[in-house]
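Chain lettering (A, B, C and D) follows the sequence in which the chains are written, and residue indices restart at 1 in each chain.
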Amino acid sequence: MQFAFNEDQREIQRTARELLGRRAPLERVRAAAEAGAYDERLWDEMVALGWPGLAIGERHGGVGLGLVELVAVVEQVGYALAPSPLLADVCAALVIASGGSPAQQARWLPGIATGELTATIATVRHGAAAPMPDADRAGALVFVDGDRASISSAAAVERDAWASVDLTRRYARVRRAADEPLESDVATGLQRAEVALAAELTGLAQRALDVTVAYVKDRKQFAHPIGAFQGVSHRCAEMLALTETARSATYFAAWTADADPEGLAAASSMAKASAGDAARRVAGMAIQAHGGIGFTWEAGLHWIFKRAHADAAQLTDADEHRRRVARLAAQRLRAASTQVAA
Amino acid sequence: MDLGLTASELAFRDELRDWLRQSPPGPTPLEERASFDHRRAWDQRLHAGGWAGVHWPVEYGGRGATLVESAIYNEELARAAAPPPVNVIGLTLAGPTIMTHGDEAQRARFLPPILSAEEIWCQGFSEPGAGSDLAAVATRAHQVDGGWRITGQKVWTSFAHDAQWCLLLARSDPDAPRHKGLTYFLLDMAQDAVQVRPLRTISDTHELNEVFLEDAFVPDAHVLGGVGNGWRVAMTTLGNERSGLVFGKSFQARILLDRLTALADERGLLEDANVATRLGELHIRVEAVRLTAYRNVTSEMQSGQPGPEGSIIKWIWSETDQAITEYAVQLLGIEALDRDSPWAFELLRARGDTIESGTTEIIKNIVAEQVLGLPRLR
Amino acid sequence: MQFAFNEDQREIQRTARELLGRRAPLERVRAAAEAGAYDERLWDEMVALGWPGLAIGERHGGVGLGLVELVAVVEQVGYALAPSPLLADVCAALVIASGGSPAQQARWLPGIATGELTATIATVRHGAAAPMPDADRAGALVFVDGDRASISSAAAVERDAWASVDLTRRYARVRRAADEPLESDVATGLQRAEVALAAELTGLAQRALDVTVAYVKDRKQFAHPIGAFQGVSHRCAEMLALTETARSATYFAAWTADADPEGLAAASSMAKASAGDAARRVAGMAIQAHGGIGFTWEAGLHWIFKRAHADAAQLTDADEHRRRVARLAAQRLRAASTQVAA
Amino acid sequence: MDLGLTASELAFRDELRDWLRQSPPGPTPLEERASFDHRRAWDQRLHAGGWAGVHWPVEYGGRGATLVESAIYNEELARAAAPPPVNVIGLTLAGPTIMTHGDEAQRARFLPPILSAEEIWCQGFSEPGAGSDLAAVATRAHQVDGGWRITGQKVWTSFAHDAQWCLLLARSDPDAPRHKGLTYFLLDMAQDAVQVRPLRTISDTHELNEVFLEDAFVPDAHVLGGVGNGWRVAMTTLGNERSGLVFGKSFQARILLDRLTALADERGLLEDANVATRLGELHIRVEAVRLTAYRNVTSEMQSGQPGPEGSIIKWIWSETDQAITEYAVQLLGIEALDRDSPWAFELLRARGDTIESGTTEIIKNIVAEQVLGLPRLR
């Protein structure tokens, strides 16, 4: 048993971290967000590194790696707050890869793998789709309605720009004129997408923690760095605990997706619920630990806080995930007691 | 124990309600400049109607409202969706501080235009190096002929870009012990030596400023409470900071929560036991803030000082407001994060609640030391 | 408006506090609890002071005061952890006074008011009554099943001793042979009883806070009283906040019961939910602040913790109260919007 | 990343499972004396079967189990409802500390009877005045002919009433700086100078003791790690305190939560969205403890030391265990507070989780200072 990235996975993580550290420092994130744009050069580099196709099978032109490798990258994208369409792109691709028929896979995945087209995803409630990330540029749009999903091409939708407070990501309201249902295992695809969301959320929590630790070591009040006061330092310890448990759940779910698919339903819900809560709470605690500075636009902590809320709201909400976990546990226990009785 | 209003409290409330019915505040525009103008006009209408600074003594143009009447006042204005006063610093901080520490000339000069919202005030206490640790104020005041020259930087200054006057705390004697070398000045903002630079907040509003002072001048006549006495005067200001306002704020939290509850009800979400449990908990917390604030009013009226419950009100209000806005966004989903959604705005604005006017950490210190009598480490 | 006890109410509170401080110090509580007995002399004094009949009308031989006065006493009973049947006695009497027909009131209340008989109350689920406090001595036993209630005399029940971990109170399992329904306003009676429970819970929270504050001022580690560390002092501040908000809700509900009965449904649920949570949490935090000492039988914090859990479990649970509050709020809002529309 | 077991890990697990099937622990009696006898007999059966101290090196009679195998071992024993070892102090603290700091004679004398559960150990670190602040140990050791005379008081001493030996930390040089004047002794409990007095816990069990020493004797041969070196030796003991055991504990928490979930399911309570949400959250927390502990095993195996996640495991386990037991009592109601109910017992026992082996406050200090590198105030 080895519950850590292996050498190849660490290399992927390192590459992502270095590229994003160089190409997406906070001032670039801010510039892109304030311009309502993405960093297109950064996106080209991501495509060149094969990230959109990292977890797409080789027969569709992807790199053919697993969800663990994808999580390693997406976590860093979250950490960097990278202004790019990667997250929605890979979430949609995961749903198409599991939920699409062979023909649907063959139609959509190769273009996504090469970055020729980007994909996106949103949930539908009472027939209307929630604001959809990156819909303006997307060539493949996946709509999730309960446990069913459908897909449209860009030509078959109408789009109106919609802005979230999270300006690091662009959205649109989309109306479907024509879409076709995804005919295979949509549920698994959605669970895999929730794990990708959890990875980005874990990265956001880690960023909020790191920024805060650096600040409270430096900032002095009452003749001491404020990080020396337990009122602050114990909160930082709690931020670490939230971040690390979210990471444990996320990595486990990613491994489960590849190696133990039966466990994925529970593991993915655990990952999304804990990472969603962790990122929102840790980002809020980061603002608090910074005091007045944290409340300013300039300090930039708000980018983390807003993106955490926006990511947590994607696909399924944390409380519904908790209920799924409880129901799955009850099923497991019923099955076990039937076995014992038999 | 009698939570009913007395005849005179009822009369006060009914008179105010009548006035508000006849003179409704109307909707506050979203755009910042228009919003400011609307709020200032509203302050002036309140003044014209005799409803500005109700807690001020009659001799200074107020109504000498009791604490209960002040609470009623703030609740009723919140109920009528009136905007917060644009001269809130003047009415709640500058006015009472000048009444307590000002001389006759200062009272005569400064109090009337506060009440009429002709002169807006701001508060120059915090500095980049003096936030929670206010006694670390480093802005320097040098005595010159006829007054003082002041150099330094203030931060988190609400209304500075619209203010004529600033309650300024500065170090007049660098050699005295930290708390002793401070003096409290009434600074005229209309001089080139005072530069105001906006600070954007996380909700992208212009609510706060940095203020840069470079040899700004304050005449001797505008020293408040005596040279070297700044810490004591500042404590008077801080003591007034939270009084009364919490009733308006907790009522606003209640309005927010009611709106969320009604939305959830319309969508049938209260059938979900989890949603109902969580909303019920939020209602309990909102009500606890209001009730605890009322208990504190009685304590203060009876004993002249807040009871043990008084120090927790701002703290529990701020955490409740954050909890409401976070749950609203969770319940309503991504639509609530619309850049123009009031839910998104409230979610972000609420992050300031636990920071401004004393961080929650500082309040916990105060409760521990001053209410519970625990020793301090530092 | 005066949101504090008036002079008479303060006098009642003072009397209760002094009597209980003298008669029920921790060692007497412990002796009674370990013996599985109540302090009968203390009970005689409570009866002599008229506590069982404090809120029973004068026409039934009671003192005829309101719930505010009863709450003032019951809070002190909780504070003292007094080993007595008072709480269940007054809860049952409140239900009989509202829920009983005139004949039922006349039959039961005078005996309760004079202390000639004690009363008790428990909820029924699937036909069986939950363990009932003080049932061994009770002459009037009230059974609550949803929004209905019934009453039995001692002769009409069978009892088996049952012990809770909260030894400051005695319980029995009771089976009813014959009982008669209470025919009037049971719901209001139950709401008033929840307020009495909230008062005892508030007293328990205050006791846990006071004991803890005294301890952390005294106990030194790392050359300082541990109360000087924010890890401890901020927790104490949180204990104060929990206790004071519970008290606000409880006093308000008591006043509402007497002066504004329409508001009682919501106010009583708010009081019981917040005081139940406050007492359990504050007692747990008190044990923690005491460290190893807090985990010992001798230190006696466990009496508070156990009684808080037992009281919170009486009648309706905190989460159900929260749901009631939400439903009542929604009703209020619907009514208001109808008014506006009309 | 590979969370599957390797062939040798699988073989280890299967061998253990087979052995446990053939040699089941049976139910642990409730009565304390009978429980102790049962547990000691079980420790001895484990030893006879070659399953005692699996993490000990082969040369000392263990299996040299890897950290993963140790984790499997603790989970499997918990799964089989085996009682915790009665000689847990001997196996996890005394053994490893003696292996690290003991001389050849000490290893030969002390290690075998630990493994066989012939000699039970207890740990004499804490004192009334030295709890979280261990360096405040005041028990005095005076050098005498051939050894040391020791006087003082220890507290919270698990197993002291059944132990033959005690890991004793005492002050051998009162003039040295706090951390320097300590020596680590292996104390024979079987002498009149050692008096053990039981400490009842809040769950009315006899788990802890006070130990009074009045000129107790320790020969020079039983000084461990050298005179004046006690702090360093004690750190080795504390470093071993939590390793491995958390897997058993988190598995026990899982068993408890599964029992609650099955009960709720039987009663149809999972239809209630609030109950389902709260139980789901508890499942997530329990699983997070286990997974984080496994991540830490990998960190330790790869780098020789725990990762940042390692220091939080005991803390999050303890809070999760409290949350499960509190929610169980809330959900099941007054019946769960039956004096003989396992739920009531667990509710009370869980209060100790956040105190024993380092309070949560101390753990947060450690995380802040050692993992996050924050400065310390004191």
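One rule holds in what follows: a contact is a pair of C-beta atoms (placed from the backbone, for glycine too) under 8 Å apart; a residue touches a chain by one contact, two chains touch by 3 or more.
This is a predicted model, so every value here is computed, not measured.
> Looking at chain pairs C-D and A-D, which one is connected by more C-beta pairs in contact?
Higher C-beta contact count between the two pairs: A-D.
> Find the chain most remote from subunit A, comparing centres computed as mean CA coordinates.
The most distant chain relative to subunit A turns out to be C.
> Hey, how far is the Cα centre of subunit A from the one of subunit B, in Å?
39
> Can you compute the centre-to-centre distance for subunit B and subunit D, using the mean CA position of each chain? Integer Å is fine.
The answer is 52 Å.
> In subunit D, what residues contact two or more other chains?
273-277, 361, 364-365, 377-378
> Among all residues of subunit C, which ones touch two or more of the remaining chains?
Those would be 224, 229-231, 234, 319, 323.
> Write out the stretch or stretches of subunit A touching subunit C in their complex.
229-231, 234
> Spell out the part of subunit A that touches subunit D in their complex, as residue ranges.
1-6, 9, 68, 213, 216-217, 224-225, 227-230, 233-234, 236-238, 240-241, 244-245, 247-249, 251-252, 254-256, 259-260, 266, 269-270, 273-274, 319, 321-327, 329-330, 333-334, 337
> Name, in rising order, each residue of subunit A that touches subunit B in their complex.
The contact residues of subunit A facing subunit B are 130-131, 162-167, 220-224, 229, 231-232, 280, 284, 287-288, 291-292, 294-298, 301-302, 305-306, 309-310, 312-314, 317-319, 323.
> Using the touch definition from the top, list the residues of subunit D that touch subunit C in their complex.
For subunit D paired with subunit C, touching residues are 126, 129, 131-133, 136, 155-156, 199-204, 208, 274, 322, 326, 329-330, 333-340, 344, 347-348, 351-352, 354-356, 359-361, 364-365, 378.
> Which residues of subunit D touch subunit A once you look at their complex with the stated criterion?
The touching residues are 1-6, 9, 68, 258, 261-262, 264-265, 270, 273, 275-281, 283-285, 287-289, 291-292, 294-295, 297-299, 302, 308-309, 312, 315-316, 361, 363-365, 367-369, 371-377.
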